[in-house]
């Protein structure tokens, strides 16, 4: 039986690959895409999500629900320099004409969970505004869901948005705080991404030889982030936080080689630690070790899954 | 033509009188009651709202929508010592058997506003969780509403929940911040309540002679808050923040004798100023003077309206 | 026997009158002037203090100690628009040639207290940086002092520097927090100043007829603040926070008509409530009611003292 | 010519080894020891410093100045479970009878710097209260000092006091903020300590075979912290943050293999990130890259220096 997954995404850059991976995985039934407010204009995220489904051959089939157009409490400027204007490399602005589904993304999440208790898994690869709103709508959300996977935080390591914070947690720190406090989260953080899900030039060249629609779309969508990596980190590389999260969701047993439960909290205050993810690895605080933090993955397997997805639309083939 | 009003309430104590006042006012069409998380258990608030509508002869007619069961981001303990266990004096626990309306309170607010642009007025006499959630659901909410009245804050004066904060703003400071930042609010604060809407022993004795169902309910619902006032402030008095807000909404021209627009913000941080309402009376900051703060009301007229409501169900008679 | 007083001052505007009042009071032995970092350049404050002592005929006799040149932890911009460039109205820049005393102001405070336990009273009419530094140098400072009078805070009322804060507490909120937590303070706040120590046009005209050096200096020093009051508050008036504090210190029994002990704390955080003075008038928190807040003074007596000081150098004559 | 060093220490555990290392280094002239408030009672720290000098044969020769007895603004509980009651393993309470030097530690620092501009190096291995107080006493402190070495912070890694903070920065976050903002600091952080200055069982056994007074004192002083490491981290190891800092100061050229200048700031707020050290490794913020962060040391050389110090009192021999 397939697992039913809703992916909550600010579709830009690697979000596209996460969606493709879930769409292409045989073991997954992609139930819906919900769009969250992220680092380009909201309407771009919506259209990017639809286009990505179109690439996967699922446009119009998998509903795309629009969610909150801005973060819960604290606002922020958009930073299009990371994924490029529009979020897909900077030069590409799809226009699918596919209509959005009726309904508000947080409702779609809450209602799917209510209708099928224990069957829905959330794949959260965006600021967590929609999930937080779903939590206030449905207090039993945690019990009603199967699994919750979140890309977010920087576990006792340097952040990517500020020195203290990863983008998703920084962009809506209040929502992130609510989610880690109220849901049983499987966390894929920025540190793991840097360690185990960074594609460097050699592998990128290899992927470049794959001649499929998926592969071409990958190059388009990550063009700008690759440049950005060169500028900021001096490395010709792309990072795959969102597709790593999707891959862990799909192949937890095979891919995740180390994980632990820790108490996790998020600093929701404005100031130098906005969006900081406190992760109590030593059990110093008296917080409950509720969040499962993925600490290591089989890097080769992840690359194999990714390559197989681009080449054959079959991410699970290497499993 | 009647004005259409939705009242968002954590029905307990004076909320009941605000609902009765709106229900009884000829110029008002009470569209819906939405229930917010307040200082007793949520289900008590819901039942108290239904019972209050029952007293007004509107049970089953005016829908009661249940909203969020807890504040947006920051939680708090309930403080039943103020309005008594259950919220209606401590000894009275109604059980109307009236079902709640289908739908989530924030949706009900957003949908009413969308369906009738410019026609709906909100009367917010509770922590602002539901209104904040409606804002994220409907970004155009401010433009879609007629008026927004909020009971909240302590304008450059001592608070009632902590020295720095009034209860509604303190209980959900994140929601309060969102609301004053994103809606054109008419604000009735705790300071105005103390100055112009405090009923002392003499007037309370006079109200006690009124022998109606409304009047009896009033005595029941405020029994505990009157005791509390004696304990905390050494005064035999009740305060009427919520019914004052409703009265201002009903009779702005006649009742409000002074008001000004100021920049208002709310401190959403935990700590000693959680829920503090900054009100820039001197224009020191560069914030936009958006909130209309009611600074003075005709105290005698308010009493007359209240008395007429209890005695004859006709709050507008003295106008 | 005279009471020995050290005045800690950012000499500008009304600080001068406080110093003159203490210098002229027969019951007071002005032991030293210590200079704190305030709202004009530090060296102006130092020279203004020396000039004020010169007016009082005490230059070179009462030592002037220089203290910290900037606040403890958090910095701020100077705001010369309030007291004018230089702090004495804007056009007057004294140059006495009097040397500063050897030693650091916080040491002078700590050492005087150690040498004469129970004999020294502090009159603090500036940001509390020096007093805080004295506290860390001498842990027993509270026990060693006679009385501590502080001008600072805005007790449950609008501030003068920001809506939430009075200037002295805002300028060095960390120091203010330390002082109210660790010393037994008699507090004269901005609210009291507005209520009971605001000189309006009529009284100012009367003072203008006094033809003495003191009186002339008063007009010079407050010229700019009077203009500022017109601009900001639309009132032709001057406020006398510092001289009121000195007067209360001199004539507590006669002048202070109402006072209470409350728990007081200061918000030292950056942000909208920097320097906010929490004053728990209702005993809501479990903080110790340690600070004596002056709530009302005999306004006529204060004016009489002030007038008598300007006219005859005899502030205590009306007592 | 010897370099003149003042060590500011909350003498307990590894502080003793840092003092011994500085005392024993031929290239160093240990000018003074100043005692800061740390994690056992202040008087223990003072006596431990004197005893350590006694072991080094310098008791009475190198002055020990007592500093502030508590942190600048925010207080904390002592945590004797880390270094044991008294700070030297738990069972050892020296009583040297050596008097403290006259004067306040922050003054001693400021005055030495003034008297010998450019000649004094600070070795700060404690909460930075004294250094912060010296800064407010002497605004030119940075220009007057030669070098400033600070053990503190956790550079984008897990803290040791809380998940977000290292002890020295946590214990007096306000002082730490002032120091990194106002002095040109060479920073040795907790992360470097874990990576390059952790002695494990094998090396500890080897040190145990050294039969000198120094060596015996080392075992006594670190007994408790070794047990603590077993309890908390499940490792039989000791960490040497303070002696590593002293060693880097002594042998910067030989020992420090990697270092970079970054913008560093400290979160002084109460809450989950109290004492957090923001280190902008990627230059994301617009803060000035002022602090030199030691990122890697020659671990073998450090061990050789340490062993040579214990065995022969000659830490510089391996250089």
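Lettered A, B, C and D in written order, each chain numbered from 1.
Heads up, the rule we're going with is that a residue touches a chain if its C-beta (ideal position, glycine included) is under 8 Å from a C-beta of that chain, and two chains touch if they have at least 3 such contacts.
Bear in mind that the values here come from a model prediction, so they are computed numbers and not experimental data.
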| item | value |
| --- | --- |
| Interface with more contacting C-beta pairs, comparing A-D to C-D | A-D |
| Subunit C against subunit B, contact positions shared by both copies (same if over half, else different) | same |
| Centroid-based (C-alpha) most distant chain relative to subunit A | C |
| Centroid spacing, where centroids are CA-atom means, of subunit A and subunit C in whole angstrom | 57 |
| Centroid distance [mean C-alpha coordinates] between subunit D and subunit A, Å | 42 |
| Intercentroid distance (Cα basis), subunit D paired with subunit C, Å | 41 |
| Multi-partner residues of subunit D (each touching 2 or more other chains) | 269, 271 |
| For the subunit C and subunit D complex, residues of the former touching the latter | 68-70, 72-73, 104, 106-107, 129, 133, 136-137, 139, 174, 177-178, 268-269 |
| In the complex with subunit D, residue positions of subunit A that touch it | 156-158, 161-164, 232-233, 265, 267, 269, 271-273, 276, 278-282, 284-285 |
